[in-house]
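Next up: some structures, all given as structure tokens.
Both complexes below contain chain A, partnered by chain B and then by chain C.
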Partner chain A sequence: MSYLSTLSSAYAEIFLLVMASSILIVDLFVTNPGKTLTYVLVQLTLLSCALITVMTHEPIVVHLFNNMFVDDLMSDVLKLFSYLAISMVLVYSRSYLMLRGLFTGEFMVLTLFALLGMMVMISATHFLTLYIGLELLSLSLYAMVALQRDSATATEAAMKYFILGALASGLLLYGMSMLYGATGTLEVAAISDAIMHGVDNKALLVFGLVFVVAGLAFKIGAVPFHMWVPDVYHGAPTAITMLIGSAPKLAAFAFIMRILVDGLQPLVMHWSGMLAILAVLSMAVGNITAIAQTNLKRMLAYSTIAHMGFLLLGVLSGGIDGYSSAMFYVVIYVLMSLGGFGMIMLLSREGFEADKLDDFKGLNQRSPWLAFMMLILMFSMAGVPPTAGFYAKLSVLQAVVGAGHIPLAVMAVMFSLIGAFYYLRIVKLMYFDAPESHVPIAIQPDSGLLISINGLAVLALGIMPGTLITVCAVAVQKSLMLH
Partner chain B sequence: MIFGFPLLSVAIWLPIIFGMLVLATGNDRNASLARVIALVGSILGFLVTIPLYLGFDKMTSAMQFVELRDWITHFNIHYHLGVDGISVLFVILNSFFTPLVVIAGWKVVEKRVAQYLAAFLIMSGLINGVFASLDAVLFYVFWEAMLIPMFIIIGVWGGSNRVYAAIKFFLYTFLGSVLMLIALLYLYIQSGGSFAILDYHQMSIPMTAQILVFIAFFMAFAVKVPMFPVHTWLPDAHVEAPTGGSVILAAIMLKVGAYGFIRFSMPIVPDASHYLAGMMIALSLIAVVYIGLVALAQTDMKKLVAYSSISHMGFVTLGFFIFNAYGMEGALLQMISHGFISGALFLCIGVLYDRMHTRNIADYGGVANKMPVFAAFFVLFAMANVGLPGTSGFVGEFMVIMGAVKVNFWYAFAAASILIFGAAYTLWMVKRVIFGAVANQNVAQLTDITMREKLIFIILALTVLIMGLYPLPFTEIMHTSVNDLLVHIARSKL
Partner chain C sequence: MLMSFDTFVFYMFAAITVFASLRVITARNPVHAALFLVLAFCSAAGIWILLEAEFLAITLVLVYVGAVMVLFLFVVMMLDINLEQLRIGFWRWFPFGAALAVIMVFQMVWVLGNRQTAETGAQVIKHAANYSNTKELGRLIYTDYVYPFELAAVLLLVAIVAAIALTLRRRKDAKSQEPNKQVLVKKADRLRIVSIAGDSKVDSAQ
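Up next, the complex of A and B:
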């Protein structure tokens, strides 16, 4: 077998890298302000990546590059959802960014590089590749947050994001180096084996674990490492916020799976306790603080923190049920958050950001359809059936109760109850209040269609969630090395 | 299923589909089209439930018209529908009320008509789903989903303090439901991965777990019933809701909570039910006596009927937790009868409110002089609310009191006080609103009820009288199911 054909599992990443670099050059010659050619090329690249991922899929788990990279069902599923999410981000943000002069080649290329980072994270089984993927993603995002150069809030957000992100990367690296010191390897599977066979310096191992968990918590924005989330979500242009709040969560989930579950499974008794604290704090702080917000982007930021807490609950419950419920949760979460931020962009117009809660007043009278879509999204985020968000919560709670953590489950539903209040408030503003502005809402056909598909998908997945749940369960089952 | 025709699915989905159609008529320019579609949909929705009654086998307590399909295979969740002699009555009752609500809002609601009617139709389908579900997750989905249209109904078409009432209503009931979800998940794990409610009925559960499960269910159902002390959302929701909303709340939604007790709490955790029966009876009697007294002090008609509802629902929970056939059947009859009566009373108040735009008792007086036909109906429903023999209100209350006497004289004694307090607050309201001299200029300008309103009241008056004089059609259908339920509850599941 030639070397090239063994690479087939990484074709999608290689293709994406080639295309991103080419588009960078092609874009120099695209002069029209809409950047139509670049945009079409990017979308085609995403579509081709999806095709390549599907076509190079192997029924078995394939390890590449000396066990640095893996191609399994979970990574394929997560990558497909990442392409979809990125593609949706681009559709939603096109006219929004165009009006603000930000729909540039750099934006699109950086998005592709961020996606490449995510894909590497999703498929990494070695601390080096994990870290490289994470940094590629993070650096692209830092740059994108600062894309709006003349905006003070965006610059401030970028600074905060960069400094805290660098700190988190530092923590993570420090933890990884300790684990290396304790086990003598950077390979995830080998670390797991080494720990199982007994490690001399147990303290070093646990210290390493603490740093790694802290780094992860920083990256996903779990309390008490969440300070950057509201500021970055608020400060960044909404299109970038949407990007940060969507696809990277899929990669973060894979990242947690690879490090904690594949690599540090023997230490589960240590890390599951840490995750429990992070989860409860995230749900508490996220949901309670969100009530006090008057800006929708900040509110969604705190809601993200709460959702990440719920995700961690799934992870700490362990087993196929726990991990697949967390995976299902994160996929549904990404779908909902895309819709939520998409709605903000849809209602924004030149020189006006519809990111304050009051901007949603009386939306039902201005556009009943958009209000209905937002209603579905909000009830889904609150976890009210018949929307997808309910099954996400149901499957996580099922795993939590199944693992015997009933008090945790009770806490989770109590915080969801608190969370329901601020989602209901959006519905209240849209349906019960009179509109403050009567400016007609100009909806672009592409993003208008997408928000409809997005909202209806949340509803349809709420009525027929079975397939996606099964896909997640099979993906986890076939991919993780559960001991 | 008759001739393989999925009646229950039709009863659930037909109103929902019609609701979507109504929604599709768009803005208020097409209001009359929306009304017609809604009326057709609701009447069809009622007609399809009639074969449920006619085709029902009264000899068995097994589930009938069963539909079973895979839904979410990974969690072993099924689309599992079926009714027994208890739930079939509520499916019919619910479908019966939907056309009435559509007619009642015919001329009255003028803003966002399509959304208003669609919300009621969709809610009607969802409530049928609650009564027909035999899968715990399916039940929970319908149970929660019906909050959404009600939330919108109260919040958009309600009175001045509607936002507060809507959010209070939603969060209060959501609080109860989420705890029930934990209990259901616990049962799912304990049963080795089944969400079938009927499996839970057969499962043995240790006592501590039974008590915790009972409390979780209690949180969900007691809030809905509502039982003292978690009843405080109801007066707010009732007062602020538009007439149609109040009718559905009182006639149907409260029954959902009581239904939960007999479908979930009592058969799944019978030992805990017996163990905690004292508490349940105490809370029920407090509701009957104390809330009856509270009703006496109300100056707002809707609030008065709302408190009267809580007091009457106390009777229902009392009937359940004395564990005998009289109590149980009486409670079920009381649920149905109270549905008719409270629905009718709220419609009466709606008629007055549409004309006078006030619900204050003090603003009225001598309405009988100007609206004689209306006054006749109003007095009839008031008498039924008091429990006058010959009306439906009497049968249920009498049976529950008989059942209570068998258990403990003092239970019956306290429960019977409803006959006094109920008479006091209802008749006092009637006296101040209907009788006497014409109180003021506004009353003097009142016009009597229209044909549309008459039609609704005639239907309801006939049902109230028929049920009062000849309750057999109602009792015979539930008889076998109730007896089996009592036998089942008497067996320990430890």
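Up next, the complex of A and C:
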């Protein structure tokens, strides 16, 4: 067997890298302002990656590159959803970015590199690859936030994102170096073994763990490490905000799974307490602060913080139930967040952003179908049945109660109730207020079709959540080394 | 007990590193701060030599001191940085920051200073004189660590793409002729026919 065929589990990553580099060159010769050829190539690349991932799937867990890369069911499922999310981001943002002169080849290539970073994170079982994947993702995102150079808010957002992101990477690396010092290895599985066989110095381990958890919290934007989220979400062009708020959350979930569950499972009693504090604070600050926002992008930023709190609740509940409910939650969240930001971009036009709450006033009179789609998305984010968001919240709460954390579950429900206020306020604005503007809404056929599919998918997954829940449960069961 | 020569050299380099790092953030003149950073890098390279990581030490001096810091000095010298403006609010937040720093230092001393931690890192293997650190690193990078090595290369590619995408722009005030556009120009592009309303006085007189 040749060396290349042993790498079949990593073909998707290799193909993506080759294509991203080729598109970088091809794009130099694409002169039309719509960059049609580049766009088509990028979408074809994503489709091919999905096919490769499905075709190279193995029923067993495959380790490659000296145990630095793993191909298991969880990574395959998360990668497929990442391709889907990135593809949707590109469809939604195409005309929005074109009107602002930002739909360039570099944007698309950086998106592909960000995707590569996510895939590396999703498949990483070594601190080095976890970290490099994270940096690959972050660096691409920093650059994309700054792409709109003439906008002061975008530049400010990029600066904040870059500096705080670098600080978070520093914290994470420092924590990793402490864990390396205590266990003598950077391999996730070996760290778990070393801790189970007894490490003399427990204090050093916990010290490293604190930094790792703080770094992770920074990256996902959990309170009290959330300061960058509203400014970046608000300042970046909506298309980039959508990119930051969607697919990377899947990678962040995998990152938490690999590092905390695979690597530091023996320290679970230490990190579950930390996650509980982060989760409760995130839900409280996220939901309460979101009420005061008048900008929809800022509101969705605080809503992200609250949703990340819910995700952490699922993770800290532990066991197959907890992890699979967290995975289900993150997939549904990505779908809802794509729809939410997609709607802002659909309603925007040249020189008009549609990111104020007032811009949604009377949407029902201007376009009943779009208003209905937004209704489904907002109901889902609030967790109203029969939408998917309801089942996502329900399965996390079931896991939390199953793990015996009744007070946490009660608090989660209370903060969700508070959160329902600002989601339902948008529904009220759309259906019961008079429109402030009567400019006709120009919808591109592709993104108009996509928002319909997106909204209906959220509804359909709420009515029939069984398949996806089973997929998540099987993926977690087959992939994690649960002790 | 007298400390060994190695330990003495280590403490000397460590002291220089800490001193230089402190001066980096306290120096009033940014050029001095940059030069102190060079000093910190050099003494850190010294510590790495003590750990028998010669290749990394030399790379640190060559890349950081030789290339990055020189570039950085150029930038610092070219920009007119108003330090007084940057320092506004420094003393207001100083007590808060200092308290946090003191707590951190105590925690670190407590964790890293205890006996068990000191023993964890005690067994550094000493190699024979003909051992080549560079050769070992090269062997590892292209075999066991080929995956992260390739990824690091991708990271650099992303950095290049990002840097070019963010800085390359055509100047808006550049005045140059574009003959193809000149040839293609139509009458309608240049000439604007404005209908002017008739003079009201003249109208009423008629």
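Definition applied: the second predicted complex is superposed on the first by the 483 of 483 C-alpha atoms of A that agree within 3 Å, B and C clash if a C-alpha of one lies under 4 Å from a C-alpha of the other, contacts with A are read in each partner's own complex, and residues count from 1 in each chain.
Keep this in mind: a contact is a pair of C-beta atoms (placed from the backbone, for glycine too) under 8 Å apart; a residue touches a chain by one contact, two chains touch by 3 or more.
Since the structure is predicted, the reported quantities are computational estimates derived from the model, not experimental observations.
By the touch criterion defined above, A:159 lies against neither chain B nor chain C after alignment on the C-alpha atoms of chain A. Judged by the touch definition given at the top, the superposed model places A:80 against neither chain B nor chain C. In the superposition on chain A, contact of A:99 is made with neither chain B nor chain C.
When the two complexes are overlaid on their common chain A, residue A:203 makes contact with chain C while staying clear of chain B. In the superposition on chain A, A:357 makes contact with neither chain B nor chain C. After overlaying the two complexes on the shared chain, residue contacts for A:441 are found with neither chain B nor chain C. Applying the stated touch rule to the two superposed structures, the chain B and chain C interfaces on chain A have no residue in common. Partner chain A is touched in their complex by these residues of chain C: 107-108, 110-112, 114, 116-117, 119-121, 144-148, 151-152, 154-155, 157-159, 161-162, 164-166, 169. The touching residues of chain A, when paired with chain C in their complex, are 17, 21, 24, 64-66, 68-69, 104, 106-107, 109-110, 113, 116, 120, 126, 128-129, 132-133, 135-136, 139-140, 142-143, 146-147, 149, 181-182, 200-201, 203-204, 207. Chain B makes touch with chain A in their complex at residues 26-27, 70-75, 77, 112, 115, 137, 140-141, 144-145, 147-148, 151-152, 155-156, 162-163, 166-167, 170-171, 174-175, 178-179, 181-182, 185-186, 188-189. Here chain A touches chain B in the complex through residues 364, 368, 375, 379, 384-386, 390-391, 394-395, 397-398, 401-402, 406, 409-410, 413-414, 416-417, 420-421, 424-425, 427-428, 431-432, 465-466, 469-470, 473, going by the rule given at the top.
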